[in-house]
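Each structure below appears as structure tokens.
Across the two complexes that follow, chain A remains constant while its partner is chain B and subsequently chain C.
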Partner chain A sequence: MATEASDLSDYVTLVSSDEFSFVVQRTAACLSPAIKRMLDPTNGFLEAKMNTCRFDNITGVVLEQVCEYFYYNQKHQNSKDVPDMDFPTELCLEILIAADYLGRNMNVPIGNLYTQNERPRINFVTRPINDNAIAFSSVYDMLCF
Partner chain B sequence: MSGRRSGNGIRGPQSALTDFLAANNIDANQIRNDFVRRAREAQLDGNAGEGSSTAQIDQAAEDAVIAAAAEIAQAEEDEEEEIKSAKKRKRKEKAAIDRIKKAKKSKKGKKRDPDDDDDDDDDFTLDSYKKSKPAPGQFENCELCDKRFTVTPYSKEGPDGGLLCAPCGKSFKKDLKKEQKAIAKKPAGRQRRKVESNKLDGIAVGGAKSLSQLCIERAVQHHEDLEELGDIPEALLGRLSQIFSKKRVMNAKTLPLFLRPELTSVIVHDAAYLNEEDYTQIFAVVPNMRNLCLSNACRFKDETMAYMLERCKELRHLTLYAANLVSDSLWLRLFTEAGGKLETIKLKWLDAAFDDASVEGMVINCPNLRRLKLKHCGRIGESAITAISRLQALEHVSLQIQGAVSSGVLTDLVKKRGASLSTLSLEGFVDGDDDLLQAIHDECHNLSKLRFNGNDLASDAAYTALFTEWSNPPLAFADFSSNRDVDNNNPAGPDEPIGLASNGFRALMEHSGSNLRHLDIASCRHIELGAFLDVFESKHYPLLEYINLSFCNRIDTTVVACIFKSCPNLKQLVAFGCFDVRDVVVPSNIALIGVPRAQDAIEQFGVGIEVEEALLRMRAEMET
Partner chain C sequence: MASHAGRGGRTKIRAPRRGLNGADVDFDAIWTVLEKAFREIHTKNASQLSFEELYRNAYKIVLKKKGEELYNKVADFEQQRLGQDVRTQIVNTLSAPLMLSHGSGNTLTTASERLSAGNKFLKELQQSWDDHQVSMGMLTDVLMYMDRVYCADHRQPSIFAKSMSLFRDEILRTPVHADQPTTLEILTHIILDQISMDRDGHPIDQSLVKKIVYMLEGLYESVHEVEDEKLYLSAFEAAFLETSAEFYKEEGERLLKESDAGAYCRHAKRRIDEETNRCRSTLSEMTTPKIQQVVEDELIRNKMKGLIEMDTGVQHMVDNDRLSDLALIFELESRVDARKPELTKAMQKIITDMGKEINKTAETASTTPAATGNDQDGVKAKAGSNKAVNQQTVAALKWVEEILALRERFENICKLSFTSDQTVTTAINRSMAEVINLFHRGSEYISLFIDDNMKKGIKNKSEAEVDATLEKAIIVVRYLADKDVFETYYKKHLCKRLLLDKSQSIDVEKQMISRMKIELGNSFTLKLEAMFKDMTLSEELTTGYRRYVANLGSADPRRADLGINVLTSMTWPLEAFRGGAEDSNEARTKIIYPPVVRQLKEAFEHFYSGKHSGRKLTWQSNMGTADLKATFPRSKGGKPRTHDVSCSTYAMIILLLFNDLPPGGSLSLEEIEAKTNIPKGDLTRNLQSLAVAPKTRFLVKEPMSRDVKPGDRFSFNDNFKSDFVKIKVGVVSAGNKVEGDRERKVTDEKTNEGRGFVIEAAVVRIMKQRKELSHAQLLSETISIVSAQFIPDVNMIKKRIESLIEREYLERLEDAPVPSYRYLA
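Up next is the complex of A and B:
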């Protein structure tokens, strides 16, 4: 499933909880440490194999703003006195929560975790990609805390 | 109106009368046409019965009408019915015109003096060159979407002066507001200062602000419309609370946003606007809090403290700044009732109460105290420090005391508690001497943060001895600012340097360089250029993020270049008053603050240049 070509593809797909898909540049999306981790093939998550990240806690309207921000950030990477990005005020808090989720720094040492079915010991850093790969989002909270 | 109807779109100046009639849907062309039709009909009837037309000579019928009327004026009185009907029509018209005139007058009269009637007429002639507007109740085509709609007094004017239908009007108004907002930008000076301030705050370190920063700022901007924050993670809640405090909008209305029964901490960095009821609300809603932080708590009273003790039985960490309405007896009660569980106490800006006896009470009743900060507490002195030295569990201690404190008392504290301390912050103890530094060297083996500043007694030799072969692991945080000799007559200081000077600085960096993140040696002006070059040239400080070298006046551009090279993780370099630093090319992601060139921004800020390139450019500039 996970061919070299798909690993290197320039674009990745982000899917919101209400099934909106956003195809964004990999470089832009990897601004988020969470997405970067999900898509890193060496971590062997399902997301990296499918080249698709699903967010069950982020709705389409919010994810749209987040994607917009990815490009906004990329565009202004090396500039000074950047104008603030505009977004609908009513989405402010939802975007904030999404930004926190996607941006949380995850330099936490990764322990050994269990999949739901067989509960074998898995080391996420060294584990090779196989068909039993589990989704990053399902273990996200365990990784963070 | 008539122009539009005929569709030629050309319009010249027209008389006020025409305009007025047009505005009221009375059309000269139409009247003439009617007249011609009637005349023809009358002639067909075989009678020149156009007597009615004499009566019709009114404002509406212009030259043509007059001419026509003159031709056929002789014949009259035959067609009584015609005359009657014409008179009726005329009366009706006149009544309508009068009504409209009256309505207009009364409308204007509301706004201004009803006496100056001529004014109305002036407006009338001025307006006559504009497009006429249909009166309320009439139909008009929307200027933008071309839909037909009923004109109301609230219909909005479009971009070209026409009227807009309700939906278009709404959206147009919105756009207009947005535009005006964009145009009415803040004055340039304030905007520039804001940018600088953001950089100094570390909010905008090159490139765009982070998404959460943008959201938080927007939330504060609209704090009055916020009803609740929902299930926001506690870390974010803390961040929001900070910004609310910074913008000074933490008040009775916004406070409930930050209160949820399941929270374990309540953090209000600016409680100045909170009154007794708000405090009561805090403790009523969040009784299980373990961490309470109230800064500027100027209205925190005895009763508030009593209620807190009654409600919050789980309190572990207490930060109370400027709570000057709390009396000594309530401080004592706090320690006796809640002391057993308290692990952190941070108190600042207390001068009305909280004296040595209170500290004594704290020491007796809080055996588990691990973190203690006492600053700007005007009523405590040496005996408080003696008492603190008996706190067995102490790991972090920060002290700042206004009165004189002898070095012996401090040395005693270090000797007793030093072994377990990981933070030692002694601010502005002018009498701290070499013995104190020696005690730190001998007793402290666990420090990661050491602050000893504002001192002009301890000698450079003592600092050197402190850091030489010190069994303590490398420090992460070192603040030795303002340790220098103060003598106006001898600015270079004595031969045996006082304060942190060249050798002391070398020893400090030798000992702690590998782990140091934060280095503050502002005003240590006896450090020579050679020491800086020794320390920063061809060395490597992988973790160093913040350096403050302000008023170390021996520093020159080379040192700054060496710092850029040796500290790959550097974020901020503060160098106020370093007059030999010139023409620095700042690499990206580093903020150089305070290098004096009046015409430039206070801060110089790298954009898209790597360290190597910056150094190359600097070298090139120096050579030219």
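Up next is the complex of A and C:
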């Protein structure tokens, strides 16, 4: 489902490591500081020229969730008491890593880890949380290494 | 969209892909890629680079905990680039004029040469700075992950901050060549040079300088980027302020010598505005308050004194009514000090000087004729007109008018030039008070001024004008410190006005009193009001007496009519009518009245004691007037001539003596004195009016001379001739005039005596309340109570306290640490 990249358009293309393409609204995608900088025309990197970002370390499954989150965030940007967005639990670690990679300002704040019905479940909190570096790194260290 | 890894029935967390994160990272290989990319970025050639790739590389390194290595590598890379390529480029633009100008002064090159060379250098520096910032921005973006994870965790400054401080160290802090100033020093010098060109009127490239200043503002002393350690502040601003201070100091001194004060003020104002604009357009807004401070210090604060004392300074401005210039000076000084001490001081001095001048004129005017004043009184009085106001009185009126004019002038200046500023107004008022109180006859003169207005001034004036006059009078009164002295004089003058019926309008008199009541308080006007009350009562009394006499039935057409004023002795300053000190010693002698008058007197006494028992009437014959019908023997071929003569009671008594004398008989001065008991001074004066003044010469004096001397003989003037039926014999010392020295001494003594009582009363009142009080406290409380009426003399208070102790109102406390007193009930 790859789409042609168009310059100056409102949409940008995000390409996963397994060659899935997602066409996303620029404003939504720029939630991630990394993507924002990649596409910054003043810096003039290749991505900005092509209007396309390739992510060699993010798979399509994960990237889809990320894009979903972009829109979810945009939709609820100015509202209060937004319900948490649920991710497939089995993807949580990969999403965590992607979120870290794309910049934690992405407001995918990394979540409360808790036990419910005797099975672990990571509930991604979509409310902006200012600085959860500690929360994140502990989860990250626990699970990744 | 993309395929979706479906959720199974049983949830299993997928492990992250190992391949990427787990594999070993070849640091050097990755660094080589990054370094190459960085070079591309620095040459503005980033379009072929994939941000994601670089970002991922940096990410990988950091993930592998090699963030520190990466950080150091980048720093080294930047340091090398700046230290070599960039610096060389910048140093190359430093041309000879710049280097020379730094060392050996500006004389060798022209301003425009220096300007263009400087601009070249500034441009290059600014360009490098811009480039550095842009590329470092991109580098930082690429290294974002490193900044986020490594720098934050290890408390390292971000790579951007690091590279900025590298720029500072490598470019600015390094000497251009060995043993030569650093780039920063040269830079500072160039900017300062350009600013001084700007001040001299050479146009400079303001936006370029502004950009460089931006650069300095963006750099900090340390990597921590503390807000008040901007390089701009530490390296440039201090030097800028210092050279500015020097420049303005020199300029201020030059201008003080060369131009006039008004021009100086305008220049200073322009310079301040200029510097404010310069900060906006060329330097930094941060500096605005500081440079303003410098200019204000150098051009205003340190020069204010000189400026005010210039030939064309404040004195000149006041003299020539340069209100706008004064306003300028005021504006300038209020910039540096809200209290405006110099201007205030100068204004005070001017007022004091002008006031002293007025005082001096008044003094000389009043002392010159004083010697002859007394002798002329009689003669002038006989001239019998309002012109008899002597020179001293004129001087008094002139003094008040001038003081009022002075006050009005400065009030005007205050309003128009000083925006009615509180401090200056207060200071000016204080000086006015000082001037007025410096003049020891102030109280008397002001009272005279009011007196004159009451008698003549308000004639034919509208109500508004009268009001204005009263207001003027009150204004001056307000300044008086010794209000008790004023009260004494006012009472005296008012007394004469009332008794001699000189006042134009009793209504206005009463208005004046009520104004004083508002200004000076109830106690001040109490006695004055009592005087008015006495007058009203006396009028009623006179009517009552006349009715009583009429009812008596013994209507005797020959009976003399009597109008009487019964005065409360305490409220009326009766001594005002006595000639001077001589009389006060002589006990009030019993005047021998002619039988007609005595009869009248006794009849009234009888009537009065019938009305009020237990009151003693003391007759003040020296204040009365009498109307006589005088018949002169027919002259050759004429009928007997009758004249209505109006004269003082004494003159009446004297004239009546001659009724009993055989024709041609004469009396000597001594005989008259013995027969009448009139005090000698009054007698002499009255005889002078009757026998010397040409129009009222009812008596003939032997020998004929101007002065009345012992042994002179008087006889009735049969040949008196006058065209008028009604003749008024001049009443001696009827007008209110300036006191003679002797009179003043009496007044002063009386005032002092009165003050003594006031002070004693105050002390007793305080002590009664406090029981025990230290000396110092008692003094200060007494002063604060009494000062509403006059400024007390501390010595006098001490004496009064002593006297109170002697009379056992107070006693000294023996064991008190400070001298104290106790009240003895």
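Things to note:
Note that in this section the second predicted complex is superposed on the first by the 96 of 145 C-alpha atoms of A that agree within 3 Å, B and C clash if a C-alpha of one lies under 4 Å from a C-alpha of the other, contacts with A are read in each partner's own complex, and residues count from 1 in each chain.
Here is the rule we go by: a residue touches a chain if its C-beta (ideal position, glycine included) is under 8 Å from a C-beta of that chain, and two chains touch if they have at least 3 such contacts.
A quick note: this is a predicted structure, and the numbers were derived from the prediction, not measured.
On the superposed chain A, the two partners chain B and chain C both fit, without a clash. Looking at the shared chain after the overlay, A:Ser16 reaches chain C, while chain B stays out of its contact range. Of the two partner chains placed around the shared chain by superposition, chain B is the only one that A:Asp81 touches, whereas chain C remains out of contact. When both complexes are overlaid on chain A, the residue A:Tyr69 reaches chain B alone and has no touch with chain C.
The partner of chain A that touches more of its residues, comparing chain B with chain C, is C.
Of the two partner chains, both chain B and chain C are touched by A:Leu93. Once chain A of one complex is fitted onto chain A of the other, the partner contacts of A:Gly103 extend to both chain B and chain C. Between chain B and chain C, the shortest distance over C-alpha atoms in the superposed arrangement works out to 6 Å. Residues 89, 92-93, 97, 103 of chain A are contacted both by chain B in one complex and by chain C in the other.
Within the complex, the chain A residues that touch chain B are 66, 69, 72-73, 76-82, 84-85, 87, 89, 92-93, 95-97, 99-100, 103. Those residues of chain A whose C-beta lies close enough to touch chain C in the complex are 1, 16, 20, 22, 33-34, 37-38, 40, 43-49, 53-57, 59-61, 63-64, 88-94, 97, 101, 103-104, 119-121, 133, 144.
The residues of chain C lying in touch with chain A in their complex are 1-5, 7-8, 11-17, 20-21, 46-53, 55-56, 59, 137-138, 141-142, 144-145, 148, 152. Partner chain A is touched in their complex by these residues of chain B: 195, 204, 206-212, 214-219, 222, 225, 229-233, 235-236, 588, 605, 607-608.
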